[in-house]
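Order as written gives the chain letters A, B, C and D; numbering starts at 1 within each chain.
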């Protein structure tokens, strides 16, 4: 087991190095094929790691049990260990990461950014995959921080080099803002980790979880605030979200997919993995504020979507709202809320990944992502893509029966019945506001469908060369669609994993 | 090919529903649950049950869906594949709602119905009114659904279970019960288009007429009635909720009937009358007695038949003429052609309108009288609520008769006063006398469309006797008199060729513009404010941070004078300062 | 003889050298001031050698080394000064600002005009 | 006796070096440097480090100052007094130097205020020679290499480029 985990950590990294070692002339298709094979292997490995052994999709009763643990000293002088393992919290996220990277590589077989240099793009995607899986499996604060940072630089390059080819200055600015803000957050987070180390004398998350840093004020509180702010930049929580719309809007399709589908999850995962178990008392102190900011994010993100004219920006802002739900779920500190946050993490990754794929497809076909320039009546011009977009919008706005619903429902349920240590009235108010946020979410998605898919086809004639859903797109998106429906009708598939968290 | 497959599938599925209802009729009530997962003692999962209510609703849904699917074969020519698929999905969702024993399963069906409704209203997405109507319908029902979801939370957490069959009013505290049912009521109000969330239903009419018949008349909007009937123990145990429900229902039935009196399009009249009739069902439910529940469900069934029929008739008008607006229809009527060219439609629509108006002998008469009778009994028990319901239902009966007769006369008959001359509705249309329609090609619809009409017309009569006739002669007499009282003014106005439409009624009490000004406009402003705030406040902080960094670095660059001695001076000063500092700290 | 005497003399010489380095403009006088500072160091070395008397004459040996170093240093230093003179026509350390931050000067010029 | 000698030589050195760093004539400053270095050599002598004193006179006075004078000539240094020889920073520089002197002086007095020196009067040349070629032989060799490098460097630096 642990060999597999080490394998899926090392394989993408080594494969990326090997890809760079190959001559640049190997061609885009070959590079993408290579990336698909490698990420396919990683996906297979992560699926092997999934706890199948108690039957089909079964789960083990002792949820805290770590699987595939590797624990060796790394920097003995600082007490840093190379400790990786997976459990039921990280496993679905790892599978999601492997799946999305695999689909992105597959997508690159046919559709690549116009800038070219696919070889490097694929290599960077693999590095991102290794970093993200490393973050999700790290059981040591320093290792967590390291992997958290490893992800940044490749993403920065992806936005900076392969971003929007019409706006070089804009994509550079977006990339810089992204990297600077997230690095700032990571720096604060590292300070928090050091404070934790000072209090507890260890960086090991497992040991810290078993013997948490208690106390709701003073140094634990400072550590909790620093870690929370650091992770909140990544989530991103209002008002630290300002990097997100630009980064998503300017990034290439695969970049947007990974950014929204995977990278944002690092922040919320960190909160669940580190903040809650390691600093329980301090987290209780800051939880109401976290919940407040999350609720503001829900409302502000949705309102901002209502005024967007760019389809990619709109989807990016919708992520702010959805991640606000996840933040609210975490801050309830209740079983339902935490499960909701975990579930919404996965659902958001799948649905927003699909949405960004669709937005990328629309952008590629019209050479712009501006709604006004694209025009209306997509149903007439690209009926299948239009239908899929409608499907994805309905899923994203939380239609029951699709994946987006359960996470938000559980979050609201958690807010209705938060942990006993938290002020219930505050959470009730926040729940009502968040509930209104779901109406706003519906409003902007319907506005998107109305302004993009519907409309009089006579006024917006079809572009001559625009083809509807191509085969590679169908292959790439089908798993996402299938998972959206599967998780929507059978949420237990994932909820079982978190039996008694 | 694909379209044919979906057509077959759609009709087949509806027939399957009917078959299921037939098989389940008389069977033992049963329950089962599946795909459960538990969180903190609360079980989230799916559960289904079958009982009389389920069978009843399954039958209604199945029959109306079959009629609509068959009717659509002839009616719909554009994009039939997606249409039939969505109608089938809608039917499945409605079946889910009906059989659900888990509140979450019910919610899934409930909202998928809403989504299907949204997509089907927007079926003609080339048309602006269809687009905006679809969005409005989804958003308003969604707003109600948020309350519904919270109601589920309150009841589920309060009772420790999300299974409907395990919710026992005796085990719930009265606060939880009242809050929970009131919140559920919000969802019901949204779904069934009751005041104050009523404005979406009339605007949903640009959708295909069969869809209006199925979703916006017979089944989906009646889901609210079904829900209250399903959770009747809980609602009946909470007096506050019942009072609120009674007030909402009374206000809605009068409000909607008044709006219907001034509407000038067949489907809009029917839409408002749907709202009004639904309110009558809620009025029956709000009595809190088993008589009331029975009356409401009876009315639900008959209403499904005659309102489905009426919408399908309106569909025939739309299909054969191209419009269901009074002004257009009048042009055909002036020549006296409409009645003769569309004899089946005319006959079935007459039956439907008679049932709606409550003409004695038709189904609507019996079901409405059951409601009145239940209210009368309740009022006699000393309940003020009973009186309110009684009075408002009676008033509504009169108003209903008015608009039914008005619709019937103005659409199908020449005005004697003007003898085919200028009618009341031509004032609305400046093109009226320029355009003389060619009536020679006007035919009745194909039989694939007419056969459902006939079936439903028969049902609109027969269903009244299905429950066994136990007529309270006094009540029957009173309502008949009220119907006549309502019908007479309509007749006299028509015979004089006048159709007075007070502005306040024609504008439907100005609720829609008010909502627009109260919610849509502020939301748009807030959206702009948020974007501006992101750009000019939060973004400004980020940009200012960057600029500060640049400025500071410029300051530091200025220190780079190139003069070695300056550097040295600084170094020596630094050494001295550090030495002094070390001395101070050391001592 | 008190040890403090040579030490104080060394301090004085060193500080005079520091003053010279910081205040003089001619590059050659700068070099001369460096020599003064080196001498102060030598004085310290010799004085402490006389105080410790380790028998190896370590301080004196190091002083000799330092003198050698000073010779090398002045040789190179003067070569650099000559190069400066050849390039700029003067040996003014204050005016030799080739390492100035370019943009800053331009901005300053821009602000002045 | 040695103390008196040291005091005299030290006073001369201080006065001469002050003139070195304040004189307005560069050539005068160079010549006063001779005096200062010679006086320091005297101090070495007073401390019974005769070998160092001799090396000081030989290398410093004999070679370095001559080199400096040559450099002055090569750079066409004027012999007349130059008011601009000291930059405008001089008061500040003086203050810093005074502060440094105060600091170091205090430190030295506090640390070694009561120590006595008793130099061995029988000369140190032999001891230095032994030390250089026994204990310090490796640094000595490195130093010779350094000198060689400095020599080559000085030549390389002062050579004109071909294209000039």
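In this section, a contact is a pair of C-beta atoms (placed from the backbone, for glycine too) under 8 Å apart; a residue touches a chain by one contact, two chains touch by 3 or more.
This structure is a prediction, so every number in the text was calculated from the model and none was measured.
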Both-way neighbours, i.e. chains that touch subunit C and touch subunit A: B
Identity of the chain that, by mean CA position, is farthest from subunit D: B
Centre-most chain [mean C-alpha coordinates]: A
Chain centre separation (subunit B, subunit D; CA means) in Å: 102
Separation of subunit C from subunit D, taking each centre as the mean of its C-alpha atoms, in whole Å: 9
Chain centre separation in whole Å, for subunit B relative to subunit A (CA means): 36
Subunit A-subunit D separation of Cα centroids, rounded to whole Å: 69
Subunit B: positions in contact with at least two other chains: 565, 569, 572
Where subunit D touches two or more other chains, by residue: 87, 89, 92-93, 96, 100
Chain pairs in mutual contact under the definition given at the outset: A-B, B-C, B-D, C-D
Touching residues (chain side subunit D, partner subunit C) in the complex: 2-3, 6-7, 10, 13-14, 17-18, 20-21, 26, 29-30, 33, 36-37, 40, 43-44, 46-49, 51-52, 55-56, 59-60, 63-64, 67-68, 70-72, 74-77, 84-87, 89-90, 92-94, 96-98, 100-101, 104-105, 108-109, 112-113, 115-120, 124, 127-128, 130-132, 135-136, 139-140, 143, 146-147, 149-151, 153-155, 157-158, 160
Residues of subunit B defined as touching subunit C within the complex: 554, 557-558, 560-565, 568-569, 572
Sites on subunit C touched by subunit D in the complex: 1-9, 11-20, 22-26, 28-29, 31-33, 35-36, 39, 42-43, 46-47, 49-51, 53, 55-58, 60-61, 63-65, 67-76, 78-83, 85-86, 91, 94
Interface residues, subunit B side, partner subunit A - complex: 35-37, 39-40, 42, 44-45, 82, 104, 107-108, 110-112, 115, 118-119, 122, 125-126, 131-132, 134-135, 138-139, 142-143, 146-147, 149-150, 153-154, 157, 523-524, 526-531, 533-534, 538-539, 542, 546
Complex contact set, residues of subunit D against subunit B: 87, 89, 92-93, 96, 99-100, 103
